[in-house]
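Each structure below is given as structure tokens.
You will see subunit A twice below: alongside subunit B first, and alongside subunit C after that.
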Partner chain A sequence: MCWAAGLFVTLAAAAIVVFMAVKGLQYLQLGLLFQHPTAAVDQSKAGGFLDPIEGTIALTLLGTLIAAPIAIGTAVWLSEYGRPTGLARLVEAGVDVIAGVPSIVLAIFGLIVFSKALFSFLSISAQGVSSFGRSFLIAGITISLVALPLIVGSVREALQAIPSHVREASYALGKSQATTIRHVLLPSVRPGIATGIALGMGRIVGDTAIAIVLLGNTLENQPGTGIWPLDYLRGTGSTLTTYVYNNSPVGEGNAPQKAYAAAFVLLLVVLLLNYSVDRLARGSRQVTAWSR
Partner chain B sequence: MESLNPPPPIRRIDPTRTPGPRPGAPAAPALATIPVLGGRAPGPARDRMRCERVTIAYGGKIAVNAVDLPVRQGEVLALIGPSGCGKTTLIRSLNRLTELTPTAARGGRITLDDQDIDELEVTHLRRRVSMVFQQPNPFPMSIYENIAYALREHGEKRRRRPRRAELEPRVIEALTRAGLIDEVGEDLDHPALRLSGGQQQRLCIARALAADPEVLLLDEPCSALDPRSTSVIEELIGRLKQEVAVVIVTHNLQQARRIADRVAFMYLGELVEYDAVERVFNAPRAQRTQDYVAGAFG
Partner chain C sequence: MKVRVPRIRGERAEWVLGALLGVILALVVFVFGNAWPSFSHNGLAWFSSGGNVQTQLGNIYHSPNNPAHYVYTLHAWPLLYGTILSTGLAVICGLVLALLAAVFLVEFAPPLLKRLLRPAVRLLAGVPSVIYGLVGLLALAPLINSNLVSPSFKLAVAPVVQITGTGLLLAVVILTLMVTPIMLALIADALESVPRSWLEGSAALGVNRWRTMWRISVHTIRPAIAAAMVLATARALGEAIMLDMVSGAYPFAPNPLDGFNFFLEPIQTFASAIVQNADGLFSVTPFPQTIYAFAAVLLVSAGLLSFAGWLVKQPLRRYGIR
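And now, the complex of A and B:
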């Protein structure tokens, strides 16, 4: 009977991809990718989804850029130092908790924290006294938490796959632990880092809750104050996920054709990321060829 | 550590040794004057390193017990003995790699050119006393990068990163010394992990030799290799002992017999016998050594 379960999964996957491809291609016009959206009731005048595409790219880059260094640092510390043991357990638990928190909870938490006047510099604010609490920066910081555990996990696993005698070989050449990490271990786990980042990006691209709550959910990307790119990052906007949500029958826009087209583009982006994860993981298997 | 540490009177193992340089002298300036030994005959060589009552314990369990042992310039010293007798622990203590094991504690004194190795900066010590491991472990980079890494002095303040043109002659020299240059030829950018096992191990030897160490430690360097690669490496060790003092841990008695000048037989953490290779194999003093070299246990 297990083969039937497998077949069911395959059929489900095929149904999603085929349905979205048919519906998406039916409504997708090249122009939609390059037109700003406008709030028109007449769908032929409502424009495309250039801004959500930009928003997705900006938010993904921002989230990844914030998550990657912190996650790599955490993974290196856990794998290579991990002392005191109590602190290491605590950090591990922290990563697990972040991984387990639903993104809508992260979003609400982010909204509460970043609405404090203290953080008014991160978004549009009224005379610096209160904070709007919604911007690319704020959404980017919060959404980095979605990618963080995936990168930590992937880098840590890659580091632990390096046999200890490889580290010792570096120490035996008179290198310090810091030099060993920087010049031997991190280059060795590059495929692991890339895999983690691609996985994390996939999660960020697909996340809807944080983008709706913390990005302002405006139809167009509206810059805040300051010089470029700070104005853009302090401003609000939308992503492909929020665009799909808003234009679906449950959203305000209610333009399902556009939602289908945008959903198809989103699906392509995610499939591309998954494909690169697969390729990167395969690359890492070739590199770590040491015997233990 | 303190409990292991009462420095007892030092028992000299080899009374014929010539005196070393002045205490605290910088790294042997007079290398060229040291007689290079031809053939097997262990002549009056100079002690490069000395273990004096060295005791090493892992969390209270003693692995090496009060070992006195010289490591002499121009000779190959083989450490033999059954598994778990402390050979690897002893060899790892010579460049303080035992310190990487949190539970390890050491008593006694180890000197390099009459200077206590505990007084040396550990990174400097390890550049002078280099090590090759049981499993070939090139770094996942090019052949060139593997050796250039050993040559660069990381962590020195604001030092300019040397250019490839400066390092390449020394990389080629190291590959030549390790007898690998003919096989890799011009292709220094070849990924090191794509080499064969034997070539990888010789690359590791080249890497260990790159920074011109005074002592080369080899921890069962051939146990993961096929017989052909083993004989290439044994031949290489024979040539290298002219330039560096070599210490090799081996399980292979025939190998010890072929390449060593002096042999130290260890059993249950104790040094049972230390002598010239012919003595240990042909006329051992201790019964245990006799039994071991005859293959009665192992």
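And now, the complex of A and C:
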């Protein structure tokens, strides 16, 4: 029975990958990767998915850039300071709650909050009165909450794995706690940070709900106003996940071939991230020289 | 010994963390504040059954733009039922599968398969849900539609719902595939941390391998199994896009008395109802408030699950297993 279950899981994984690979390679042409999508009844004229690829990259970078510093700071504070114990408990519980909140709830929360005129600088707005509430910046800020708990967890685990005599050695040399963190602890948890970031990126790349609700779900990336990087980030767009959703039979596009091709590219990206997590996690085991 | 740090540094850190907590507080206050009218107008009837949810949502959407005549009437039982049904069945199926597969992985698998299974599990856990949805919708739904759905049943229920292959069965199958790897990874880790000497002691008493595994290992890691279930439930509960694709996405409460056809009837969960109606968030006040009521239910469940997760972690800490 155990054999059956184990084999079933292996076979299911293999079946999904093989199925996606066959379908993806069948419908994927190199041109699709470099063409802008356009709305057309005839699928051969509807273009490729250059914009969704760009969108995925932009959103992932943005989300990670926002989440990483906050998450690393939180993790360091939790494991090294954690002074008012009550606050530490609260923060811990808070991170746990964020991890448990469905991303669709985060999405509609973000939509309502960022539609307030106060945040109109983040998206396209009508004369600064009301805000559209959908842009790369807004989606990036909200989606960073998805990656946050993963990075916090992995950095914390790495910090706790460092034996206390390492810290004591640094204090004995007359270093302050801040210097110890900066020059001893953080360099040695680098693999943990990298693992957390890669995990978080995987979650952001695969997240659909926030991208659909907060990215405007436009076919092409439509820049807003402003100077170069800012106009792009204030504009709306799509990611590979929303592209797959929209081109599946339940979406508006209904072009299964395109959906298969895009899903295959998405799967490749996720596989790559998975592989890098694997490599980083394996690397971290060799680094801890003092644990011997 | 800890070196004293200037007080100011700690305080600055606390401000940042306070902001983080503020975000969570804002989330809770916002969602519940917006959801309240929907609950208070319906009372406990909100959770009961009665009428067609789709029609009720339509009425709310077209409610007159006058606070005195707002329409709030909603009996969301089909959504609640769909959520509980899909999540519960998927977690139970996934648990059986994950437990057996984990025992296999740790104890019985030959080294070659072991090397193969580990990445396979990690891969399954990392696949974006939209890809599961796509596979279910394009590959499995037509199969179910042509092999399991009888034309007479389809015809009989046509006035009420469309049966197209997407429905409870497909939702549970795909959701099971999605939550199994999460549980499998946790359970396998816990199984590996069971002290070798306990197993050897059992083996020395002449107990066979299977029984040792069951009575010693699986019983030792019960808290880890509970933790895995909590995590899987959270994942299944919040899954929106994938369920929107494979569950039929129609607020219908499948009737267990329908026999096998029970599994073919469409469902809709709270999360996928939010996705479907997200475009209406800026229409007349009652509609977004109803959507926020869905979100509030999810938020309460997520909070309860976090708490349950914390509870089951306590004995884990005591025994030093994870």
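Rule of thumb we're sticking to: the second predicted complex is superposed on the first by the 290 of 292 C-alpha atoms of A that agree within 3 Å, B and C clash if a C-alpha of one lies under 4 Å from a C-alpha of the other, contacts with A are read in each partner's own complex, and residues count from 1 in each chain.
Keep in mind that, in the parts below, a residue touches a chain if its C-beta (ideal position, glycine included) is under 8 Å from a C-beta of that chain, and two chains touch if they have at least 3 such contacts.
Because the structure is a prediction, the values reported are computed rather than measured.
In the superposed model, C is the one of subunit B and subunit C that contacts more residues of subunit A. Contacts of A:Pro163 after superposition: subunit B is touched, whereas subunit C is not reached.
By the touch criterion stated above, A:Ser188 is placed in contact with subunit B alone, subunit C being left untouched. In the superposed model, A:Leu173 lies in contact with subunit B only, and not with subunit C.
Within subunit A, the residues touched by subunit B in the first complex and by subunit C in the second are 168, 171, 176, 178.
The part of subunit C that touches subunit A in the complex is made up of residues 1-3, 5, 9-10, 13-14, 16-17, 20-21, 23-24, 26-27, 30-31, 34, 96-97, 100-101, 103-105, 107-109, 113, 116-117, 119-124, 126-135, 137-139, 177, 180-181, 184, 234, 237-241, 244-245, 249, 271, 274-275, 278, 281-282, 288, 291-292, 295, 298-299, 302-303, 305-306, 309-310. Contact residues of subunit A toward subunit C in the complex are 1-6, 8-10, 12-14, 16-17, 19-20, 70, 73-74, 77, 81, 83-84, 87, 90-91, 93-94, 96-109, 111-113, 115, 145, 168, 171, 176-178, 202, 205-209, 212-213, 241, 244-245, 248-250, 256, 259-260, 263, 266-267, 270-271, 273-274, 277-278. The touching residues of subunit B, counted against subunit A in their complex, run 95, 97, 100, 122-127, 130-131, 133-137, 139-141, 149-150, 154-155, 193, 204, 207-208, 211, 217, 224.
Note for the complex: subunit A touches subunit B at residues 163, 165-166, 168-176, 178-179, 183-184, 187-188, 287-292.
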